[in-house]
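To start, I am sharing the structure in question, which I have written as structure tokens.
To keep things simple, chains are lettered A, B, C and D as they appear, and every chain counts its residues starting from 1.
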């Protein structure tokens, strides 16, 4: 068996990374949208808003565990974009990453729809709608609250994604908190949890163009129809554009408030306690590790 | 005392492993089914669906802590089967593992029934039923939701167990995430938590033939009668067969999407940062450790 | 300031340990009973049963963090007793430990009563009762559910405390799971959480004679009167006696199912991966560490 | 980009620390008050009291992660004060720390008001009030429960802050629990969680003058008017003064019950197991590390 599998080995680094990103986002959406499906179709009996927050948070954690050793686990076009702007990721790879992130989200939405097929039929009476009392499109992608203006939605997504990047960059900044790489997926999940708890009610904290657009595309094809693009005053483009702006804003804030002011590596390593550094060998390896850890 | 205990020492490795698997599943079911009993008999006053999710998740965590040093903590016939197929566990041991896993679940169900005897009597009025308003069989084993077709149930269990194996294999893949062994029980518990949150409402996420069949056998003997096998259009065989299929599917997906494409150990160890590797002595020992850690 | 404090230094090891046990149980009860007070006096508006579970779980975690470096953080007469029976703790110290554990619980109950004085007055209308619609004695110590027989209560407490010891011993067994000492307080807290979730509804999972008797004594003195000893068919002695029996039973099960069968240290250290052992210097020091870690 | 950012580098240590404290408190309040806003404006539909507890707890965790490498992450004037009294922080820096902590809280309150602008308008009908059925001032700062007397409120805040300091000092006392620095932010967050669960209902567990006064000042300016200072019998000064008293009390209790009695470093290092110490180089570096870790 092991030998049979070995025959399928792919050595191309980009293909491996794209497959890892695809699987990572797949896991994220499978657990995230799955938890929404469970809450919606059981009418809050087997879950509540907190379980949706936990579903996306742990979805991110396991999405990162599945992919980080291969691709660095961006799982989010807005994160990939920020890393490109910071010069920590290649611009050439960006479109491939984005495509496979969206693909993973699309496939996961299809899987959730398959797993909850009977439940959605029973709940909605077979009528797949985007709005109304038995609407089920919200299982897959985000829609704004009734009171929210478009500008309010943009502000909401920009602040949310900026907060996400602030946390992610702090967790990956080895001169600030120096967290072991195996804890980072858990803590990134915790960041998504707290954002869902504190910024989820306005428009469902997409924070991620792939997380929102992939499943939306699926619902468009699978029977919910063009309403998925029309609802909420054509809300669909906000969770694509605003997270990119927010990610750049959050990056800028963290860089300007904390990261750029760190003393250079040399002076730092003399002042800091030796335990954090003792197992680092040289500057090149340090760089490799920083590269591998920051993208999370 | 210590000396008295020493006299009982058993040196046979297989017996030790079987006892550890038995105790591990016992702990898992004791906490898992216990939390269902608490929610059912208090009519959601001292717990809710989330506490059932937490009960099974932490049940898995402590089940793994209790047994992993001895048997590798499969705690699930579907996991044991997958590891045999992957060549990481001996086929000869498989029937012993399965028997003691089911035995542990049976004994734990008996313990829960003993601990909640007064509560179940008070809640059900002394009438042990599988369906109806005061049904209590669902404390011990899983039954499908009313709307669920048999095919829907099979799909549900296959997807759920595949997701479990995907997470477990990613956590144990030391070339992907390289998690310290003492954190793996916690993270496997977190995987069970998120599956319960996102895939629990259709049919109670058994994901494990022993977890479902052991307690079902207990209820059959202890007074719930043959309804436990008839209910849900003879649902009982689905959580036995479908998890095995799902476990193999999840294994295949992870292997084909991530694990087989890792560069071989030698080329890897040059590229990666030294801190992850520095304390490994040689290839044989590495192998031993991988063997001990992956099965979780 | 630092110098002023230094003058108060006590060098007697037993006094230091007793103070640490007292403070540890104080923290446990302060958070645990505090969370019950919050749920009761707000009528579930600012908390629910899960928050009580979390309160006791994190109370244990921080109680252990506060005291483990000094006394090993038993925090429970039943745990101290088991360790004496296993030969891992001195019988001479046992009465001192128990007295200071009960004292810590008593003082913490007084603190909770002080902090919630206005809330308890407002909730109960100034009438401190043990039973009835505005009973408040349950904030401090445990009372059985109406349906529970005395035998049912004894069984409940025996099983619960046995499960606790099973988990605690597995966490401390460095030949099984080898968990870093700084994670053990968190995982012991998780064990208390899952027991509260799965075994809390029958009689409030005291599991600890000091946790129950100290606050009960406080309520007796502070105005709830002799009802605190009469209620529940004189329930008060069950959470004192049954946890001791349960702790010994749990110890026996873990020892007989797992711990005594471990191969001896020497043969083990050859088979296991070197990373777990590399930082141990010799057998004596190993012993010291085992001694310090197991009692948790 | 990286190079552009480098031009903005500030080398002054005090400015860097103030910016880090400001950003840390900003993150704390952004998540904390954000979670209250979500619960209030959705009328408990997308959150409940527990999610507020989690919001502040994880807000503290990420606030600490963002700032601890630079400033030690006090994030609380009462903590800064205690550390000055203990001689572990400079008195000269104290006013700067406090000013930037309050500033961070003020700016975060403004951000929450911006993000929840539409939601607050819809919930309150555009009428920003401090009391009454659609009061929204409680999103930003704390107000006492109706039943609470001023003395009761002072006692509540003193006990709560003392409990916080007890936990924080125990977590940072490397001769007691010796927790790796990267786990401390998570455990400090857990301490805030359990305090919110067990001491939150009387007056909202401010425990932090900056957390309460910064947002209160914002609400005063932003339209809630002078009621924010008058409500609750002029409650506003209690969460400023009482936490300072409580912090000193908690520090005193931990020092007198545990820390001052530790044997001196030399005798300790012989008795303890070598694994905790092996990577420390000398006394000066030890000192540096203690300095950096305790303030958390």
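Just so it is clear, a contact is a pair of C-beta atoms (placed from the backbone, for glycine too) under 8 Å apart; a residue touches a chain by one contact, two chains touch by 3 or more.
Keep in mind that this is a model prediction, so the values were computed, not measured.
Undergrad: By the touch rule set out at the top, what is the minimum number of steps from subunit A to subunit C?
TA: Each step joins two touching chains, and the minimum needed here is 2.
Undergrad: Copies subunit C, subunit D: same or different interface, half of numbers shared as the threshold?
TA: different
Undergrad: With chain centres set to the mean of the C-alpha atoms, which chain is at the far end from subunit A?
TA: Of all chains, C has its centre farthest from that of subunit A.
Undergrad: Whole-Å distance, subunit B centre to subunit D centre, using C-alpha means?
TA: That pair's centroid distance is 40 Å.
Undergrad: Between subunit A and subunit D, tell me the centre distance in angstrom, where each centre is the average of that chain's C-alpha atoms.
TA: 28
Undergrad: Listing for subunit A: what residues touch at least two other chains?
TA: In subunit A, 48, 50 touch at least two other chains.
Undergrad: Return all touching chain pairs.
TA: A-B, A-D, B-C, C-D
Undergrad: Would you pull the subunit C residues touching subunit D in the complex into a rising list?
TA: That would be residues 1-2, 5-6, 8-11, 16, 19-20, 22-23, 27, 30-35, 37-38, 41-42, 45-48, 50-51, 54-55, 58-59, 61-62, 65-70, 111, 114-119, 121-122, 181-182, 185-186, 279-281, 285-286, 288-289, 292 of subunit C.
Undergrad: Where on subunit C is subunit B touching in the complex?
TA: Subunit C residues touching subunit B: 48-50, 53, 85-87, 145-149, 152, 155-156, 159-160, 163, 166-167, 170-171, 173, 175-180, 183, 187, 190-191, 193-195, 197-202, 253-263, 271-275, 278.
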